[in-house]
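By letter and in written order, the chains are A, B, C and D; residue numbering begins at 1 in each of them.
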């Protein structure tokens, strides 16, 4: 058992936002069959959104590109899914939310409160949704304001999810911390695109999108490493984790826990596989607690 | 034959900076045996630098990480290498230079002029050299000043190489254009790191470095795509190109030519292979000129 | 995997609103029931069952399918796949029943052929609104017996496939494979449940797909949370017990939509 | 490929300044002459020839090698490799001459063993400053004849390996493999050139390595531009004609340094 911003987790692997998080039943399946330590819902906003036209996600040689466009049924539409997840998943359920302003973030958070999420994750980092996500998350003042606005109306932990598509992620992390965030989550996808050379068309319906999976792991490790140095609050690591080795690496960089997104492509029980792998590693190395891994690389000089 | 900022190239593939560019002989070998259309030297600065301790480059599952730390013998030390390259390579030789200020850039450019480089490439984008590279390249004012300073003292084309580690690369590209750049080159490496979980040590001697190779291709394609829209001057595409398909994709995104770095790992004649592949593609598709590919994806809507 | 470029080599008109597009690529490993994501460039990418190793059979319903109907031989589209879990093939001793409604014939015709090639005795219940809308009648007939139903009675039994089904001895079959409009599949499901033969049945579901590769979660069904694009589209009847089948589906935003 | 973690299982003192570190990993595919990048964590990563499938033989010269000398059994370091092109192995009928100076014995001892295992007749000219600095004399002796030279005459011929070489009938050998300090290799090179036997010789070069994998260009030699880490470290004598060998090398900044 393991505590993260006050939440009790069976293991430090968490389902990342926007992945298998559209329905309550899907979240439950990831929790129960996949054995994730916690699950994050897909990002929910103030109004229903169908997202970008397909193709909305493609597999590359290295990683994945996606431009879902924040499809979501809005907070009223999602409430029953959240309730299902809370009722049946047996793990902490974190509601990922987005909005175009502090007021919208507040509205969505308040709107989902009846579903009793264990925490909120603020998506200020989606790279392919105009006026949302990274549009806010590249601006430290807005990040602080959004964080403070949500903290104001909820009494559960608030995590802020950061974009790597900035010159200095620690400056955005600091803003989240100043706004009262209980943790930051790094990273959302890296801006990217692919073109079909037979036709000349960009492959994604939205033309460009965000890169995830193996390709971005070194980028995520670096962001987590820098945030660990810069912030007091925990950093949750996400980006390209698909093995227990990746998870250990991310924790050594400074992650208090890890989220896993694209790697559910490989298998759903990636969560139990990774947490078992971490346990075996701890035993082999003689560590008494997974917390000893957190930030370890900072001590090796 | 193919013209790029006034230089005549046999084919649109160019050796990227910092790769096999330490000596004149090496540049000649890439030009003559590898059949690159042009070659860029390693980045040369005002004073000799040994660079970061090893490991300075490692191969990952997806791509490479490096933190060379701009090792170079300084411009006086490099002059004879430049002369050898110019004398024996039979292709345009572009001198990559860096400095910590507009004055230093100017000093290095002037210092290398006796070697008669066909163009200069300004490295304002290396992500792992304090006070140099991206430290300058994240600041539009500095980029404009540095570009203008070099343009002032040379009468060959000046290319400016951009970093993707910024919120908006087009804003830096615009600054380069305003400073008088004849082309921009995108992208330098993406900030990244890897940790050895057996020991907890970051693997690179410099702890963190820059990601290149396959992993960054989608990032580079997106940067080139955006720059093509934003700028009047040509964009030279670099990042993860290792096949003719990659080169065509980059050109369709908007690249007037491509640079190839990490892929020399696979084979030295990657340049001739790629230019032959492009030729075959043009024939199959019935294009009369490689220039027809440039920016093609922007027309497909 | 980026979409591969498929060039149309032949177009067959199966009915006024259904066409088969043959392309110049063979999905050699495809299992009947598996689907491809068809990228109509500049418009949308939509799931389509493979009606053979090198064809899709498309009903015109909206924007992307209409755009497909504008394409001619020599034109091309993008294809990713084959994805998902197909129908399980019978062995030689097994007797197989197919229940196909409308364009639901698309994935079932290659199944009928594969099952009959495997030596299974094949019967098909083929339904459509009207005679002209029956898809792949000949392909099913070559594989075995065909019972036809049309809503308007223009051919075969007047009524629904369930009207034919209710008269068959379902205990005689080892496998029952179903695909068609959801309303039809829901009726068949209830009938098979009543007859206690759900355990040997398989249904191919349709849900809104985004990623098509099992990551985004857009296509998950209640209450199992199974992904139609990856754990399906073909599910055993038992997997669908206590499911949303026939009650609601979800639109692109994830909102429930009554069926 | 990230460095693999190698744990030291045994340390042999070969001479006052040379130790062999055996580790718990076998580079099964290694060819004699190939090298590994040895990562002394927190200090540096340096190239070392493999002196066997599971060992490196290290001369203490500076920071990283001194740090290696502080390690004990059970300690570990990182290893990447094997990299580069090794010595070409003789066939059964061929007669092989090895010329090893100082720690140049490291890659040549496994070569002698492999050559002798291949059935080649082996002779070795082994040189060092002094008797105590001769490395792997027994390993060479087991593979064939050994001629020894020491600078101080404490064993064998007093003088350099070239003094022994000049007395041998070099036309009797089919292959000549050379490794040692660059000054020595340059003298050997000149001698072999004079005797017109360069074509059958191979030299293992040392240059400053950064990447070790043929990308950065730090190790390229004049005038060929060949990469010592990738096209070498073993080059045929002919490849080294008109080269910088014996004249200059480069430091970490790329500056030429006289030899």
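One rule holds for everything that comes next: a contact is a pair of C-beta atoms (placed from the backbone, for glycine too) under 8 Å apart; a residue touches a chain by one contact, two chains touch by 3 or more.
All values reported here derive from a predicted model rather than from experimental measurement.
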Graph separation of chain C and chain D (steps between touching chains): 2
Shared interface partners, meaning chains that touch chain B and chain C: A
Contact-richer chain pair [A-D vs B-D]: B-D
Farthest-lying chain, centroid of Cα atoms versus that of chain A: D
Chain centre separation in whole Å, for chain D relative to chain A (CA means): 51
Computed distance of Cα centres, chain B from chain A, in Å: 33
Where chain A and chain C are represented by their mean Cα positions, the distance between them in whole Å: 36
Sequence positions of chain B contacting 2 or more other chains: 60, 194, 199, 201, 300
Residues of chain C engaged with two or more neighbouring chains: 41-42
Chain-chain contacts as defined at top: A-B, A-C, A-D, B-C, B-D
For the chain D and chain A complex, residues of the former touching the latter: 41-42
List of chain A residues in touch with chain C within their complex: 18-23, 25-30, 42, 48-51, 53-60, 64, 66, 68, 71-74, 77-78, 81, 194, 196, 198-199, 201, 203, 205, 261-262, 264-265
Contacting residues of chain A [partner chain D, same complex]: 300-301
List of chain A residues in touch with chain B within their complex: 60-63, 65, 138, 165-167, 190-195, 197, 199-202, 207-208, 211, 214-216, 218-219, 221-222, 225, 245, 248-249, 252-253, 281, 296-297, 299-300
Chain B contact footprint on chain D (complex, rising order): 1-3, 5, 37, 39, 41-46, 76, 78, 80, 209-218, 220-227, 250-256
